[in-house]
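Below you'll find the structure I mean.
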Amino acid sequence: MSEGRILPVIHHVGAVLKARGLPVTRLRAWHALLPLWLILAGATAHAASDPEAPGVLSILLRWSPLLLRGFVFNIIISLLSMLLGTILGLWLGLALVSQHSAIRAPALAATEFFRNAPWLVLLFFVTFMLPFQVEIGHFTIPFPGWIKAVLGLALAIMANVAEIVRGAVQSIHPGQWEASEALGFTRSQQMWRIILPQCIKRMIPPWMNLYAIVTMSTTLASIIGVNEVVTLAGQVQAAEGGRTDLLAPIYGYVLLLFFIYSYPISVWTRRLERKYATR
Amino acid sequence: MNGFASFFQHLAASGIDLPYLYDSFDAARFWHGLLLTIELSVVTIAASTLIGIIGAWMQASRVAVARGIANVYVEMFRNTPPLVQIYFFYFGMSTLLPTVQNAYGQHLPLLGGFAWAALSLSLYAGSFSVEIFRSGIEAIPNATSEAAESLGFTRIKAYQHIILPLAIRICLPALTNNLVNLIKTTTLAYAIAVPELLYVSGQIWSDRGNVPEMMVTLLVIYLVLVGILVAFMRGLERALKKPGLGT
Amino acid sequence: MPRGDDQPTGWTPDQPIVHIQDLHKAFGEVEVLKGVSLDVAKGEVICIIGPSGSGKSTLIRCVNALTPFQSGTVTLMGIDVGDPNLDKLRLRKHVGMVFQQYNLFPHRTALQNVMMAPLYVLKRPKAEVEAQAYALLKKVRLEGREHAYPGEMSGGQQQRVAIARSLAMQPDVMLFDEVTAALDPETVKEVLVTIRELAQEGMTCLLVTHEMGFAREVANHIYFTDRGVIVEHGPPDQFFRNPSDPRTRAFLNQVL
């Protein structure tokens, strides 16, 4: 092999991912701690348990398909509520920076109200206040628990997105407002053609941080009876005879699932933060 | 029953039922729940702030193991759901701890629900605090720490007298946000039957069926608690303000 | 009446194009302009100089209605700027402003910056606006840089784009608020050359500036403000060689 020549036959996976703008998760030594942690929890449970009962890892493997399906449900809830909440939040955010106090004041009240409410309380609120089903004419539309969870989370997301929008708009240099006003732009033209396009970049990192929190919060749906991964974890433990020593490994497994989904997103978010900050 | 209580009892008859204002049993458990929420908030705020300071110090350490531990801790607790963390600690870890015997010879777990909730939430909020303090410390120009070093300050003394005071002033707004979230997150203790505000409210509304009133009460109380915290933090900001320093 | 509609105001070119009389402006408790009067004839170049806080920037911001004022009269080509029902677009078709911080729109190229206002505000046809934009950028000597973003340009280049952007509205009066104060000394000259050419072509210019040499060379009239009043004014020769007021002399001693 001649010195320094790189044969372009097989590209390093990391380089390909990077070229496409996808996050590259490099395995570092300390990442090994994570599965070790799980194994440790499992081993402890095993040591404390009946030596004739099947091993913890085999139990987890057996129930993996079910737990993974439950986890996918959590993801779906997070994506739907994020979509709904963002759309609502954009409009609420515009109302927050409106020049008319008749629009701004109620928007401020709504934002403060939903931002300061604990998300679990909002979920209970939506659960109890919305009916089981809605009857429109001849049609009965059922309102299953997970839709209520989506709505409850969307309310919280709406208020947070509104804050993000407000923060971004207020962070735009006042010179932009002055220059565009001096050129004769109306308020609406200023907003849509000059200010908001500049806001988008600044809104993305806090918005992605919000998504990370939303993903974690989908577990709250288990408390209002939705059949997502945490509920399923409890059911798995019950199915295995209610062994208390299984609880650490099973919940550890759920923690691992969330970690694997959430950590790359958080790395990507931080990269975007750095990229937009240096521009 | 005094006039105050009888007024609210009449109000209940006409549709707005606030039992914690006229019924002594409900009042007692409601206010105890509120007290427990406040207690949980205060303990977790204090503990997570301490963890944040220590963790930020470790992240800036020259010892690679210290940095590693701090980073792993932060990544693990930030990227996993706090509810599952609580379950993991309360249901999972408590079985590993030794039990204590009470006077009747019963085996009780060493730590109760409140303690596990406090521990779990402190660790969760602490991981965010570490990041916040770290960004505060990083915002301090290198020139400042070099000046401290050349004056003979050891790393710990420089941290204590120069770096930390400056960092706290810089990251106070982000810290306020984090602590507001912490107060809201104390509601997760509901899941392990800690009788904090949400839990006792749930008991009241399942006894009496007055869900909307309890909901509004809850939302108002949390609004007030958050308001008090924010006012306190703003006061702290003002008290710490030095002329010419800051945003 | 549609926005920006130009009705005749009765103004004729022999009258002052900008007329300010007894202008008072306070920010809360602090009075910044304490009765300022000045007239600018069409085609004149006037420079306003003075120490910081004397109200110079506030003064020209009142001329194009960026800052409201409490009392006094300001008219531009007969339009009453102090009118609470002022049609601001109509005013701003006649007066353009260039700022110290350039304030270019960073998410658009130089060409787009120059095109945006005539296109979206005046609703002129795109081909015409584009041709004008190219011509203006050539005029400020930025030919070839039309598709660069503000972030890729030096301060002097950005300021020249800002001048071209204001000229795109085809104003009758141009206001310059300390436009070279934020620039490196090397780039100051290129901007001043642009402004001088503008003045020589007959544009009415009001400049707030620290550049005494430039003021002496280009201005028809210099005004010196201090603490919210016009202390002294006159043609540059007389003003710089023989200032009558001791405050003027003290200021000139400091800066020259």
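Going by the order they are written in, the chains are A, B and C; count residues from 1 in each one.
Throughout what follows, a contact is a pair of C-beta atoms (placed from the backbone, for glycine too) under 8 Å apart; a residue touches a chain by one contact, two chains touch by 3 or more.
Note that the coordinates shown come from a computational prediction; the quantities given were computed from them, not determined experimentally.
Touch-path distance (fewest steps) from chain B to chain C is 2.
Should one ask which of A-C and A-B has more C-beta pairs in contact, the pair is A-B.
Chain centroids computed from C-alpha atoms place A closest to the centre of all protein C-alpha atoms shown. Rounded to whole angstrom units, the spacing between the C-alpha centres of chain B and chain C is 55.
Our note on geometry: chain A versus chain C, Cα centroid distance of 50 Å, whole angstroms. As a whole-number value, the distance joining the C-alpha centres of chain A and chain B reads 21 Å. Along chain B, no residue makes contact with two or more other chains.
Interface of chain A with chain B (complex): residues 30, 33-34, 37, 41, 44, 48, 112-113, 116-121, 124-125, 128-129, 212, 215-220, 222-223, 230, 244-245, 247-249, 251-252, 254-255, 258-259, 262-263, 266. Chain contact summary for the complex, chain B toward chain A: residues 68, 71-72, 75-76, 78-85, 87-88, 91-93, 95-96, 180, 183-188, 190-191, 198, 202, 211-212, 215, 218-219, 222-223, 226-227. Within the complex, the chain C residues that touch chain A are 4, 64, 66, 88-89, 92-93, 96-97, 99, 101-107, 116-117, 120-122, 151, 162, 165-166, 169. The touching residues of chain A, when paired with chain C in their complex, are 173, 175-176, 178-186, 189, 193-194, 197-198, 279.
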